[in-house]
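Both of the next two complexes hold chain A, though its partner changes from chain B to chain C.
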Partner chain A sequence: MSVIDPVAPRAAGRPKKLIANPMAKIAALPMIMTALVIFIGCSVWTVVHSFTKSKLLPSSQFVGFDQYERLWSTRRWLASVENIAIYGLVALVFSLVVGFVIAVLLDQKVRAEGAFRTIILFPYSLSFIVTGLVWQWILNPDFGIQYIVRGWGFENFTFDPLHNPDTVLAALLMAGLWQGTGLVAVILLAALRGVDEDIWKASRVDGVPAWKTYIWVVIPILRPAFVTATVLIATGIVKLYDLVVALTNGGPGIASEMPAKYVYDAMFGKQNLGQGFAASTMMLLSVLLILIPWAIFEFRGKKRG
Partner chain B sequence: MKTSIMRGLLAGVATFVMPFAAGATDLEVTHWWTSGGEANAVQELAKAFESTTGHHWVDGAIAGSGNTARPVIISRIIGGDPMAATQLNHGKQAQELIEAGLMLDLTDIAEEGKWAEIVQPKSLLDACTVDGKVYCVPLNIHSIQWMWTSNAAFEKAGIDPVNNWEELKAAAPKLREAGILPLAMGEQGWQEAYLVHNLLSGTSEDLYYAVYRDKDEDALNSDGVKAVFNELAAAREMSAGGNVQDWNLATAKVINGEAAAQVMGDWAQGEFALAGKKAGQDYNCLIAMGGEPSIATGGDAFYFPLNKDPEITAAQKDLAKVLISPESQVAFNLKKGSLPVRGDVDLAAAGPCMQKGLETLAAGKVITGTDQLITPDAVGQIQDLMAEFFGSDMTPEDAHAAFVEIILNDE
Partner chain C sequence: MVDISQTYSASRRLDGAAGARPKRRISASRIMTYGILCVICFYYILPLWVMMMTSLKGMPEVRMGNIFAPPVEITFEPWVKAWSQACTGLNCDGLSRGFWNSVKITIPSVLISIVVASVNGYALVNWKFKGSEIFFGILLFGAFIPYQVMIYPIVIILREIGLMGDVWGLVLVHTIFGMPILTLLFRNYFASLPEELFKAARVDGAGFWGIFFQVLVPMSLPIFTVAMILQVTGIWNDFLFGVIYTKPEAYPMTVQLNNIVNSVQGVKEYNVNMAATLITGLVPLTIYLLSGKLFVRGIAAGAVKG
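Moving on, here comes the complex of A and B:
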């Protein structure tokens, strides 16, 4: 976009722009239709039906805000929202910070960097279900870490985060970060490689310590990579479902329930589509609440640039 | 796990061989019978079906409990990719599917086979009937009103085996001292919810019906119901430290004598049998946890989603006939630990626990299952509530208040 002179198309008039390059537009039509029908159309359908009394099958008997009233007075939903807020915040900050630190360490021209990179990225190639099961075994007190440490002679050692409502989110974070941080590190490492060598030379000439250069010079340059990483992490957080199902199944009690799991259980387990639609509409709304201001901010920034 | 892989391989081999057999149709049958005892039982059905009709049973076992399998089954039916036959529980689970015309009408088979005369108790066939038409084959009667106790565990603790819930509570401290878990309970809402239902029906049949059928506000707030929630708090204490999720792993603790008791449906019998344990000698079964002995006749039924292929429809009807035949009723139910749906079969080989169930059934001590009285929505909410209660330090009073809300708002 930035290559084309912004004034020219406007002077030529809009209609010409619409029919310009028709083959490309025809080629894009299926994608545009998919976006309109699948994403927008189905979302609207879901939102509309969240105001109905749909049970196992969709119905068109409207009940106003009943489903939402029930949703926000259900303890399991409230717990889910709280859990995802805590999980999301910690996961976002932690994977960015740790991912960046790993990327910087890998960037120090270490020997066998390829091997380290593979090890760090490896967890990402596993599905969440596998990750969840593996960590369930690691954290199981009967044959996991607790069992091993007790075998070393520490008889009173207790480590059972999965069965304690206060620590189960930490266990979930452990597994989630173990899997996700590697990807962030690799994305940021690739971006670090793109930083001009001259910047480092200039800062060295000026006698600026390396950590200051990273924080004040390199991080701003890595902004696009950080945005990519943030979007990837954020989508992973919103759709968090399989890891919870495999690791804790929402337990103990409802201490690790997540909104996506509430939606699934309401729609298919409780055969109450209306309730599931209301919950998924709230999820959509929360994503939009974060996305729209961010998109506006980004869009304006580019225009000015 | 191993057996299901083997079965899958065999099914794969069979599809290569079967085309040569004339008139044979592949029928995909989905169910959630995946524990050792259950898989053994379902094998009996497959054997009977294949040997008597020449059709082919394609096993579609879905791992996990009914709560995992039902969504898969229902979404496949709604999504236009129906299996040929599927297990579901009696009650309201399939009602909307039937009303939407997605299920095969079996009325002609039912009339031909005189189901109305042979199915006992009659309520099972009623649960399959919508507007005078029959849509499912009742397969077995399962009751959840059971407590299983391990004699070895009580022996280890140096006390006599308990005969009811109260005695178990009294024995709990001594069991703990001996390093035995007093109550094994899978940390899943559906298992914990059984305790509520059983404590209620064990208190009295009238209270049970007043709560679930009449949804009577006074009854819900009566001392009887409040007392049930105090018992739940006791159960929470007795089961603390169990750290198991699946019901069969909890049963395994009772089988090994690591835990003293488990409240679970009669399908737990299959696990005991598989482990070579003898009722009365190694373990005991207590109806209604030693309270008023009555059993709910819920259970499994087979539904046949409507299919366009006439060959499949014919094979579906053949399967329906096989399922209710006396031979498969005996073979299946003996392995499964459930009771047959027909009163005219001989169950001489039944163990003492099954005999107890049959006697209760014959005496007419039968109550309607919760699945038939409240909607899946309310069932699910009670399960959520129990999961929360057992997984936190929620007070019995709060849990009781939430329970009352759920029942009163159930349509």
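Moving on, here comes the complex of A and C:
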């Protein structure tokens, strides 16, 4: 190494390892800074400040759990949590089930598989803003689906999820699943391709129908891929923000508010930083609740293997 | 963490179905398979089709007719208007401003984040030091922390270093949040290369940078392409960071698009809105269509990103 570390003099007898590859440490500095300053430092800062009286500016006056009490008695936050729970559950189940069905269908030696794959995955390359705006247009009651079906003679047909508080989440799901299901399908398809061919021979010899083999043999084999897809979808759902802004902006009323939007609006719209910090800390907590069981599962799996 | 190697090798095997063997003759289940797939594809293509058709119609035709029908009279006026005249607030210079802002944000963000992460991945594989794996673990774990937890402290940091509202501040943010996935991508790739190469170069007297630039980089063009695809689409599609860390004059395209379409003032020009939406989506869409399997490889690695 030509680079000499000025801090550590190369004293005789000293283990060479202490000053080995200083260049590598410099190269890893961005990673170390990101990990320590941003991921740990900023998160801790926010969690700590969620216990303060911060309003327009961050304050250091601690008020215990006041912000959390306020948060959990705010109607909008409660609606946000309920919405994300419903959206999350439906999105998770739907994208795993439909994603798996699509993957299985694509795995039947279909012609033009590449074209099908390209089509189901292309929405994933688009921005949530683009997705939200397109669906806003399709679901527009005066021009979109409702208008067209009425034109076919069904005069009383109503399909206006964007302006109905009871069904607005369905609109978000239509758009969100349009964008995300393809990814799940492709992940599961890749995993299906790794399944041993002999399983199919064996099940045919035993006379087991294909669908039974899929449910009882293939799905258990694909467990790692399902776990990956689940973690991917779940962490994505917690962050759900852009799509809501573009498609409904939280409306009608507060019917499609989401936690991430609550955080943004509290911090940058209402100058109520304390609420933003408390709400984002709750988001962090929910991610940890997803991640820790998964990490334990992964760790155990590795230990055994 | 997630078993990337498995997803990886599997994604290379995407050709050649391994599922239940189909029967030779055209059976009912065969027809069902194609039927369902076609319905699904219809659902996927529909929005793209609607977007395209609406953007090629004049406003009278949009008001009159079916959003799914192709235009009777094709006009490119909505595209021109979206590009050069659409209004956000008082500015009426169209989406072109947001486009160029996005270009100015995306190019340095992509380049810097890839350089930083590739060197970092290389250091992690070939120049391990005490604690390097711990920091990498924290980095990967950090990929799962909701951005909302970190956005405000970052505002303070950017303000302190004088980059708040500046394009370079946003570049820094994109570099930071691109670190976990890109480092993982490069680390895994470099680890898959034979170690003898590295050892031979060291014996020949090559140093840290010499080995990196003369041995590893020339061998790693595919992974650099994958990283580039991942970053260009990711950064181009970003909305949250753009809206927080830049000023209205410097808003990226996604933010400006949302402001144009969801503005409450004025008469809604749906054809212009759809043209603007399509123009914004065109960049990642083109990259997706051109890159094919490399895109899939990027997101297969992104399985850890969340």
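One rule holds for everything that comes next: the second predicted complex is superposed on the first by the 273 of 305 C-alpha atoms of A that agree within 3 Å, B and C clash if a C-alpha of one lies under 4 Å from a C-alpha of the other, contacts with A are read in each partner's own complex, and residues count from 1 in each chain.
Following the convention adopted for this analysis, a residue touches a chain if its C-beta (ideal position, glycine included) is under 8 Å from a C-beta of that chain, and two chains touch if they have at least 3 such contacts.
Just so we're clear, the structure is a prediction, and the values are computed from it rather than from any experiment.
Novice: Touching A:99 in the superposition: chain B (first), chain C (second), both, neither?
Specialist: Neither partner.
Novice: Does the superposition put A:270 against chain B (first), chain C (second), both, or neither?
Specialist: Only chain B is touched by A:270; chain C is not.
Novice: So, A:161: does it touch chain B (first), chain C (second), both, or neither?
Specialist: Neither partner.
Novice: Is A:183 touching the first partner chain B, the second partner chain C, both, or neither of them?
Specialist: A:183 sits against chain C, while chain B stays out of touch.
Novice: What is the contact status of A:75 with respect to chain B (first) and chain C (second): first, second, both, or neither?
Specialist: first
Novice: Looking at the overlay, what does A:281 touch: chain B (first), chain C (second), both, or neither?
Specialist: second
Novice: Comparing chain B against chain C, which has contacts with more of the residues in chain A?
Specialist: C
Novice: Looking at the overlay, does A:249 come into contact with chain B only (first), chain C only (second), both, or neither?
Specialist: In the superposed model, A:249 contacts both chain B and chain C.
Novice: Could you give the residue numbers on chain A that contact chain B in one complex and chain C in the other?
Specialist: In the superposed arrangement, which is not itself an observed complex, chain A uses residues 140, 249, 264, 267-268 for both chain B and chain C.
Novice: Show which residues of chain A lie in contact with chain B when the two form their complex.
Specialist: 55-57, 70, 75-76, 79, 140-142, 160, 163, 165, 249-255, 264-272, 275
Novice: Which chain B residues qualify as touching chain A in the complex?
Specialist: Residues 67, 70-71, 74-75, 78, 93, 96-97, 100, 187-188, 243, 245, 375-377, 379-381, 384, 387-392, 402, 409 of chain B touch chain A in their complex.
Novice: For the complex, give me every residue of chain C touching chain A.
Specialist: The touching residues are 1-3, 6-7, 9-11, 13-14, 16-22, 30, 33-34, 36-37, 40-41, 43-48, 50-51, 54, 62-63, 66-68, 116, 119-120, 122-124, 126-129, 132, 135-136, 138-139, 141-142, 144-154, 156-157, 175-176, 179, 183, 207-209, 233, 236-240, 244, 254-255, 257-258, 261-262, 270, 273-274, 277, 280-281, 284-285, 287-289, 292, 295-296, 299-300, 303, 305-306.
Novice: Mind listing the chain A positions that touch chain C in their complex?
Specialist: Within the complex, chain A contacts chain C at residues 1-3, 20-21, 23-25, 27-28, 30-32, 34-43, 45-47, 58, 101-102, 104-110, 113, 116-131, 133-138, 140, 143-144, 147-148, 151, 178, 182-183, 186-187, 189-195, 197, 200, 204, 210, 213, 224-225, 227-229, 231-232, 234-236, 238-239, 241-242, 245-246, 249, 259-260, 263-264, 267-268, 273, 276-277, 279-281, 283-284, 287, 291, 298.
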